[in-house]
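Read through the structures below before going on.
Next, two complexes with chain A in common: one pairs it with chain B, the other with chain C.
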Partner chain A sequence: MSTVFSEEQRDCLQELINVAMGLASDKLARFLNTFVHLQVPAIELVSSAQIPAQFEARYSNTEAALVSQGFLGNDGLRGEAIVLYQLDNAHRIAALLGYDTDSASELEMLTDISSILTTTFLNGLADQIDNSLSYSAPRVLSSRQTNVSQALQETAFHWELALKVDISYQLIDHSFNCDMLLLIPGEAVSNIQHILDRILEEY
Partner chain B sequence: MSEDWLTGPVLEQLNSGVLVVDEHLQLVYLNSFLQRHSSVQLSEVKGKSLFQVFTDVPEAWLRRKFASVLELQSPSFSSWEQRQYIIKLPHLRPVTSSSQYMAQNCTMLPLKDPAGRRYVCLLIEDATDAFVYQQHLQTTLEKLELSNRIDGLTQALNRRYWEDQLKLEVQRSQRYQQPLSLLLFDLDKFKQLNDQYGHLGGDSVLIELTARVRALLRDTDWFGRYGGEEFGIVLTNTALAGAIEVAERICLAVNSTAVTFHEQSIATSVSIGVAQLDAAGDRAHEVLIGQADIALYNAKREGRNRVVSFSEGETEFLLKAN
Partner chain C sequence: MALPVLICDDSLLARKQVRKSLPESFDADILTAGNGVEALAILRSQEIGLVFLDLTMPELDGIGVLEAIKQEGLDCFVIVISADIQPEMQKRVTELGALAFVHKPVNPEKLVVILKQYGLI
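Then we have the complex of A and B:
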C-alpha cells in the first residue's frame, strides 16, 4: 500500500488545513475574547518511525506535555491526534482560559487545552469535506517525568503515517506554540487519499 | 426514517446519564437513568437552572466547560481520574466500593435543534468499576511494598531493607554530625532451643522476642532481622552510653520473663554487641557492623546474656586471634 501522496493531494490537504486553522483561530478568538493570530501551519507527512527523533531535540530540555485524543469520522476517516507543548506554555493558556490552579488539577488543564485545540481544528477540517467527527476523551500520555521521545515511540508504534502540523498561535499578549501530530493508520491513509481525489475532481 | 421510534426507548433504557441544557443552562431533558439516580422528576425541573436543581455541582468550572462547548461547538470531557464526579449520584455497588458516589466519565456535546438553537448534552458514564479496581491496585501495591521490606515471621524489617536504612542513617549522621549507634544481638543457644522444643518452639521465641524488643524502641530506630536468630537495631541520634542503656534494657526484658510455648516455659537470653559510628567514608556502615559484630562475639565469649561495647584495643586482639 502506498502512503505517498501525489503533489496535488498534498496541496489539497495543505489548503484544507489552512482553512481549518483559520476557522479554529476565529473560534478561539471569540471564545477567548482576544485576537488570535495564526501562522500558516507547515505540514509534513512522515513515517511514524521517524517521529520520536524529530521531536526529541525540541522537547529535550523542557518539561513537555503530550496529550492524545482519538477521532473517528465517516468514510473511514480515523486516527489519533497528539498535541505536544511545553508546560510553561500550558500555564499561560490555562490562565487565559480562566483556570485558577485551585479549582482544577494540572492534568485537567492539560487535557482541556489540548482537547479544545484538537477538536476546533479537526471540526474545521471535517466541515470542509462534509464529514463529522466524534472524539474519545483526551488522555495525558506524559507530563513532567517526561521522556517525550519514549512516549512518542510507544504511541507512534501503532500507526503507519503521521501528518505533522506545526501550529503556532500568537495571542495579543501571549505567544503559544505547540505541535500537533495526526497519526493515521494505513487503511485510513488510502481513505483520505480517496477523499482528496474526490475534492480535486469537483474543482 | 422509519427507525425514529428507537431513539426514545433506547435513551430511556441507556445505562448512562443523559442531560440536556439550553444556552442559558436551563434543563431541557434528563433520561430515566439520571432521574432515578438523583430522585428528580423531569416534569418538576424542566426549565429550571441546572445549578438550582443540582446544587452541589462545581458551578464555575461547569459554566466554563459549557461555554466552551457552546462557543466552539466542540466536545469537552471530564475523567473520573481528575474529577471523581460532576453530579453526586449514588452507585449500584454499595458493598464493594469504598466510595460513596458514582465515579463518572463525562462528555459534553454540542447539539442544535432544527431551528438552529444551541444546546449542550451532558453524558455521564458510570466508571465506578474502574475506580474500585484502581483503589484495589493501590492498596495491593502498598501491601506489596510493605511485604517487600519486612520479615514475614517476626515482622521486623528484612535484612536488605534494614541494611539500606543503616546506610542512609550513616550518611545522615556524617552529614549532620549527629551520633549514631548500632546494636547487634543474638538469641543465646538457639540451636539447643530448636532441638529441645522443635522449630515451632524456636519460631515462637523469635516472635515473642521481637515484640518485647520493639516495645522498648523509638519510632526513629530501625529494627531488622539480620540472620536466623541475629537482629540489628540502628539507634539514630544516640551515643554509646545511651545505646548501652537500651541494650541493657533489652537484655533484661528478654531474660526476666520466660516465653510460654504449648504450656511450657522457655527461658531465653540474648547477647548484645554495641558500637558507635566512628569511621568516615563510603564503607563506614560496613566498619560499624564489623565492630558491633566483634563486640557481640565478645559478649558470647564472656558468658552470654550480657552487653559488651566495642573498644578499639580489643579489635586488634580479636582480629589477630581470628
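Then we have the complex of A and C:
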C-alpha cells in the first residue's frame, strides 16, 4: 500500500478505519453482551487477484464461512464487503447468544454478526467522509467450507481491488476471529486519495 | 500563563484533530507524543497540566499510561480521546483517574464543553 498512498494518506485512512472499527466493536460487544478487546486493525490495499492466495494459509486447516454484503453510496462509492470466519468457536458463541446449535441457526447468527460489523463499520466510515450508504441484504456465500480460496476467487473475480482489514476480536471468555475484506472497483483508488487529501487539507 | 499540554496519539491526523479542536481562548504550550512510552518520558521530565490521551496505541497503550500516572503520582489532568467507546472501557479509564472520556472523532464542540466544565477556559 505504501506505493499507492503517501505516508500522510495512509495515516489518515488508518485513523478513519480505527474510528469506524471502534463503533463496530461497541455494537458487537452490546450484541454479544461482553467486552470486546479492540486491536488496531491492520489494513492493506491489494489487487483482488491476490486475495485467494493471501487467505489460503490462514483458513487451510479450519472450516470457514463467508458472508457478503454489497454497499452503495454517493459519488460512485460502491463495493462488496466480505466477512470471513473461522468456525471453531461458532457453536459456542451461537449457544451463548441463545441461537439453536443446528446449522441453519449458525448461518443466521453469522449473518446477524456480519450485518452488525459491516453496516456499523461502513456507516462509521461514511459519516467521517460526509457520505451515506445503502446496503443489500447480507448473504452467506459458503459455510462449513474447506476450500475458502476457491470461494474467494469466485467473488473477488468481479472486482479489481481489495482493501483488507484484519480484525481479530478477543472476547473475554473466548476468541472470535474474523477478517473483513472490502472489494472495490479499480477507479476507487483515485477517489479514496482525493477524499483523504480533502480531509488532510482541513487539518 | 500558558498551560503545558501533551497530545498523545499514534495517528498524526488524530493529533492534528485535537490541536485544531482547541478553542483560541485556550492558552496552551503544546507537546506531542506518538505512543505511551514517549508520553511517559515527557510526563516524568517536565510539568504537564493536561494530557489528551488515545487508548489504542503501539508500544504502550493509554491504559498503561494511566496506570503509570496513578502509580507514580504524576500530577496532571487526563482527557481520554478514544475510538474504543465501549462503556466498559469508559468505566476503566474513569476508575484510573481520567477526567473525561471523549469519543473519536474529536471536534471543537466536544472539547469546549469539557474544558469549560473544569474551568480550563
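As a convention for this text, the second predicted complex is superposed on the first by the 185 of 203 C-alpha atoms of A that agree within 3 Å, B and C clash if a C-alpha of one lies under 4 Å from a C-alpha of the other, contacts with A are read in each partner's own complex, and residues count from 1 in each chain.
Methods note: contacts are C-beta pairs under 8 Å (C-beta built on N, C-alpha and C of every residue); 3 or more make two chains touch, one makes a residue touch a chain.
These numbers come from a predicted model, not from an experiment.
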{"item": "First, second, both or neither for A:Arg198, with chain B first and chain C second", "value": "neither"}
{"item": "A:Leu23 touches, of chain B and chain C: first, second, both or neither?", "value": "second"}
{"item": "Contacts of A:Gln128 with chain B and chain C, given as first, second, both or neither", "value": "second"}
{"item": "Which superposed partner A:Glu15 touches (first chain B, second chain C, both, neither)", "value": "second"}
{"item": "Contact set on chain A toward chain C in their complex", "value": "8, 11-12, 14-15, 18-19, 21-23, 25-26, 29, 35-36, 38-40, 128, 199-200, 202-203"}
{"item": "Contact footprint of chain A on chain B as seen in their complex", "value": "58, 60-61, 64-65, 67-68, 71-79, 81-83, 105, 107"}
{"item": "In the complex with chain B, residue positions of chain A that touch it", "value": "27-28, 30-31, 97-99, 103-105, 107-108, 111-112, 115-116, 119-120, 123, 134-135, 137-138"}
{"item": "Complex contact set, residues of chain C against chain A", "value": "10-14, 16-17, 20, 56, 58, 82-86, 88-89, 103-105"}
